[in-house]
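Below, chain A partners chain B and then partners chain C, in two separate complexes.
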Partner chain A sequence: MTETRSISQRLTLLLAGVAALLSLLSWGMVTGLAREATQRTQDNVLAASTTTIAETLRSEQGEVRLELPYAAFAMLDAISEDRVFYRVTAGGRILTGYEDLPQTSEGGLGQVTFDSGEYNGAPIRMASVSRLVLAGAEPLSVTVTVAQTRDGVGAVASELSQLAAILSVAFFFVAVGLSAFAVKTSLRPLNEIAAAVSRRGPSDLRPLMRAAPADLAPLLTALNRLMDRLHLSIRRSEDFIAEAAHRIRTPLATVRTQAEISLRTVDDETEKQRLRRMIRAVDESSRSAGQLLDHATVAYRTEDMAHDVLDLADVVRQTVAAVEPTAAMRDIHLEVTSIEAKVLGDAVLLDNALSNVLDNAIKYSPEDTTVSIYITRTDAEARISVTDDGPGLGDEPIDALTERFRRGSNTGGIVGSGLGLTIASDVLRAHRGRLELANTQNGRGACVSLVLPLS
Partner chain B sequence: MRYLLVEDNIELSDAVIKRLALDGHAVDHAMTLAEAEDCLAAANYDLILLDVMLPDGDGRDFLARSRAHLQTPVIVLTARAQVSDRVGALDQGADDYITKPFDFSELEARCRAVLRRRGGAARNDIALGPAVFDPLAGTLQYGEQIVELRNREIRLLEVFARHPGQILSKSHVMDRMFSYDTAVTENAIEVYVGRLRRRIDGMGFRIETVRGLGYRIETDAP
Partner chain C sequence: MRIPGLAVVLTLWACNVANALEVEDHRLFPGSGDRILRIVSTTDLDVFEPYIAAFQDVRPDVSIDYSVMSSSILYSAIREGHSFDLAVSSAMDLQFQLANDGFAQRYRSAATETLPDWARWRGLIFAFTSEPAVMVINNEHFSGLDLPTTRQDLIGLLRDHPDRFTGAVGTYDVRESGLGYLFATQEDRSTDAFWRLNEVMGRLDPRFYCCSSQMIDDVADGQLALAYNVLGSYAKERLAQDQGDRMQIIRMQDFTNVMLRTAIIPATAKETEAAGAMIDMLATLALRQAPGNWPLPSLSETGADEALGFGPIRLGPALMVYLDPLNRRAFLTDWENAMEQQ
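Right after this comes the complex of A and B.
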């Protein structure tokens, strides 16, 4: 599985990006507004100042006269400590003030116009108003211009902008924090589903039934459909094995039956021998087929086996009861010495392993002997030991006996497939236990132990 | 004993019926679950042998369905080999199972084991002169004296007891006791007969050797 960046990381990054953009935007807007607000304040004061001066215009003996009221400049001082300039022109002639102030735009009479410009290398803001003054015969247009440098108001604006920047950064961090929280909260159902799936037992393929947000419903449906298919395919392979067994064994049963009937009806001893050999061959193949299928079943069952708390005493009791009649046929006594020993495991698999071991012990024991089964327990382990009075395990390396299709060198004429111990050993390995093979101390017979960790 | 065999394979059924008849059992045969229901309604059986795959259903479902009102012990015959199948059959109320193809001696052994375990009222005693032989329990009673026989001895005595007065050849006896075990020779039969003779000594009946032909069971004249 290639791992891409996690959804939570992605979402957090995306939300942080949006927050950054919004912070930047809001900072830009606040800065713009601050500049405009300070500008407007300056304009208003300039306009007031200009109007105040313009109102003092009067004509005296044909001359245009004016006063420069203190208030007109004082109000400008009130907003900032910027320098103030003024100019009064009448009909193009400068009456008083700074001659070199930049030209201003023409507005209607009595209307205040504003201009930005530069004076002595400093940016300035100018307000002008024109009034008609009757000086002599004809009215004369007098323009009053008041200008102020913009350093002070600029400083106020940038101060406000700085404040906005700090606020925006703080807003950004809060937004990132909140998005991380929001992402975590909205992804919680997803994590809960993941946890619910991983908490399940390996063979639990029931559909996942839980309340989930509508967005996750498709995922949940897909997951359930997958589990359905998995369940079906496991069932199919189980059915396939059962069907294969049925197909193989039913005709074998017919052949065996016919041979048995013939065995009863023929009198010739050579014929009888032939029929016996035939029956034996049928038994061999049916046993091999059975064990191959058992082996396959055990192989996939161990992959997702049950982990139930089992008492080995129960397992032994049931399995021994099942093989008792075959043992009795040969007058072999099964002697069980049992104590309680709780292990975690799969009853079906353990029954299969023990059956295989007991089958071997019964098959190889001479008639009229005893097979002993005991359960013993140490601190960490439980052990089922099966000892018989058979020929023992021979002189082959003992480990080789659990290999597939490997049979001991001293199995004589006894029917077997060589899979029994392999199956038993696979089952025990799946239970984190082991199969121990040894010859008994007196040198007669085998001792096979199934060792399992106690639960 | 009265058996009900529910099995749709005719050859197998025939062989089972004949084999069980040799031991003196009466066997009714049902090919389907429906027939089995009819038989169960009409008669009482000591044991049911039930195949799992029948034309009209699964024998195990039938078992699960009828277990509640059915007291008769059941042995399931199965050609399926799934590990879980065998455990499943027992969980559904079967008393035992046997995998096809089976050895008839094993089937007989399992039938006996189930009947003995269930310990029903049905007895199957055979009179041997003054002695009474119970093949199920494996006991031989003569007056106050009770002898417990071992499995091989029970089988051997049963073969003789079912055919009083008849001469049974060694090979006939061999076929009944071991179906294919080629390792067993006719000498082994002599050993078993010798052992059995010691056990039944003084119980009012004998196993006589008929030179060149075989053995015959003889009871003392009353």
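Right after this comes the complex of A and C.
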């Protein structure tokens, strides 16, 4: 599986990008607005100052007169400490003020116009207004210009811009935090489904019955359908195996009977030897077929198994009784140490599991030895331990032994299919228990434990 | 008649001398090093000397070249680009105009930052004293009369006793004195009684002066009965030295002008570091709590005395209004009409 960047990472990055863009945009806008607002404030004051001066324009004995009102300049001081320049021209000639102020744009009479320029190396903002004054015979156009440096405006605007920048950064971080939270929240159902699927046992193919957001319903449906199909196909193959095993077993039994009859009637030792080998091979095949059948049974039953209250002591007693004859054939003594331990489970399955384990123990034990079966109990668990004097479990990873058709490395010469421990392990898993495999402490023999939760 | 331009007009008005500066007093205070801090000032040498001594205590390496000139000559000297490192003047309006028109350098230090907002402007101009305009009277001339406490009282008194006061009233010649012009224009702005007082004074054949110290001298020896709009700091200093209780200082209760003595570092300054150090020292002294043994008051001293709560004259572009040649011409015409009636 190739892993691309996770959805949550991708979403968080995308949202962070959007937040960054919005932050930048809002900062730019606030900065622009601040500049505009402070510029307008300065313009308004300049306009007021200019108009105040223009209002004092009058004509006296054919000459244009004016009196700079104190307030006209005092008001310019109100907003910022900016340098002030002014000029009054009448009919193109300088009446008073700074003659080298830059030219201003022409506006209509009585209309205040604004210009930006530079004076003595400093950027300035100028407001001008023109008025007609009757000087002598002709009306004369008099223009009043008041200018101010823009330091104050710049300082206020950059201060606001800085504030806006800080706010934008804060906004960005809050937005990213919220995005991460939102992404995590909206991806939670998906993660929950993933967790639910991965929590399931290997053979649990029941459909997922969970409440899920509408967006995830198709995924869930598809998943359930897939599991359904998988379930069906597994069952079909199990059916096939069971059927096959069953069909093989009956003819094998016939072959074995015929072989035994032949064995009795044949005198030639070589022939006898050959027939015995044949019987042995038939036994091996029949046993394998039996276990395949067992395995199929276990697979069926675990899907719909019983949950009865069982005493493990009873289970052990019955199973031990069933394998007793086989053990006796090889002079193997079965020693049971039993206490009462109630579990919830399926008697048939547990019997199947335990008999497979006992089968193994008997099979691998040398003749005339003892296989011990203990039932022990802790607070939450019951344990059936089966210890033998056989060759042990070998050096391979112990867990691998529960895989299907896997046999230990030191099983040479002994009949086996490699399914026994797999069956036991499946049964225990269906009971929420586990199979524990270990070599005994003295290094001789194996100890297999069936661990089950107490009811 | 048209006026060709502000700068030219101001320059023409301000100085009769183009290049040879009319220096009233001058002294070099030698230091141990090569550096010379050139100060141009309207403050009398003996008044400013303690400050120079205090500065040289801390910076003995700096020589100080101290020139005294009238505020208008100082103004045009700086405008014409004469090289000085520090300009100290009592004419706030002219100092402000210099700063506004780009003839001053920016300076900023921890000491100047502690000055209140009204005592500095754009880091170009720094106030270090606040000095009220007062009236100084000769006790002999006023014997038997109620002492005036408002301009209204003074107008009544002058009107009722022309015999005592004819030829015995002194005030600034606002045409000559920058400080006198500043006081007069600010009074024009602030009190209705100003022009009526001028009218009454005009009828008494007033005498006009260039400087506070001369006016106080004439009051002391009885030539003048009263000197109107004298610098309070000079009067106080003079009274302290005077024997025989001949004079009194009267502060008008209706309105008192408070002038700020300011310093700028001219754009042409070379020893800006030393000039900055001097401004730092003056700014620190300006904020001193105890009066101490200094000839000029601190920024806070006059403020506390100011019963009516008039602040000092505001450092701002409005100061330039009366410097406008048209406004100045109109003001001086009115003033002459009022003062010169015979």
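Operating definition for what follows: the second predicted complex is superposed on the first by the 241 of 455 C-alpha atoms of A that agree within 3 Å, B and C clash if a C-alpha of one lies under 4 Å from a C-alpha of the other, contacts with A are read in each partner's own complex, and residues count from 1 in each chain.
Here, contacts are C-beta pairs under 8 Å (C-beta built on N, C-alpha and C of every residue); 3 or more make two chains touch, one makes a residue touch a chain.
Note that the structure is a prediction, hence the values are computed from the model and not measured.
Asker: Is A:Asp314 touching anything from chain B or chain C once the two structures are fitted on A? First, second, both or neither.
Answerer: In the superposition, A:Asp314 contacts neither chain B nor chain C.
Asker: Examine A:His246 and indicate which partner it touches, taking first as chain B and second as chain C; both and neither are also allowed.
Answerer: Touch partner of A:His246: chain B, not chain C.
Asker: May I ask you to decide whether A:Thr326 touches chain B, chain C, both, or neither, giving the answer as first, second, both or neither?
Answerer: First partner only, chain B.
Asker: With the two structures laid over each other on chain A, which partner does A:Arg264 touch: chain B (first), chain C (second), both, or neither?
Answerer: After superposing on A, A:Arg264 lies in contact with chain B but is clear of chain C.
Asker: By residue count, which of the two partners contacts chain A more extensively, chain B or chain C?
Answerer: Touching more residues of chain A than the other partner does is B.
Asker: Go through the superposed model and pick first if A:Tyr98 touches only chain B, second if only chain C, both, or neither.
Answerer: second
Asker: Applying the document's definition of touch, where does A:Gln273 land relative to chain B and chain C: first, second, both, or neither?
Answerer: The answer is first: A:Gln273 touches chain B but not chain C.
Asker: I'd like to know which partner A:Glu238 touches here: chain B for first, chain C for second, both or neither.
Answerer: In the superposition, A:Glu238 contacts chain B only.
Asker: Looking at the overlay, does A:Ala347 come into contact with chain B only (first), chain C only (second), both, or neither?
Answerer: So A:Ala347 only meets chain B here.
Asker: With the two complexes superposed on chain A, say which partner A:Thr254 touches: chain B (first), chain C (second), both, or neither.
Answerer: In the superposition, A:Thr254 contacts chain B only.
Asker: Within the complex, which stretch of chain A touches chain C?
Answerer: Of all residues in chain A, those touching chain C are 63, 65-74, 76-77, 81, 83-85, 93-99, 120, 122, 151.
Asker: Show which residues of chain A lie in contact with chain B when the two form their complex.
Answerer: Listed in rising order, the residues of chain A that touch chain B are 238, 241-242, 245-246, 249-250, 252-258, 260-261, 263-264, 269, 272-273, 276-277, 279-280, 282-283, 286, 289-290, 293-294, 297-298, 301, 318, 322, 324-326, 328-331, 347-349, 351-352, 367-368, 412-413.
Asker: Inside the complex, what are the residues of chain B that reach chain A?
Answerer: Residue positions touching the partner: 9, 11-12, 14-15, 18-19, 53, 79-87, 90, 96, 99-106, 109-110, 112-113, 150-152, 171, 175, 179-183.
Asker: Which residues, counting only chain C, touch chain A once they are in their complex?
Answerer: 1-7, 99-102, 121-122, 189, 314, 316-321, 324-327, 330
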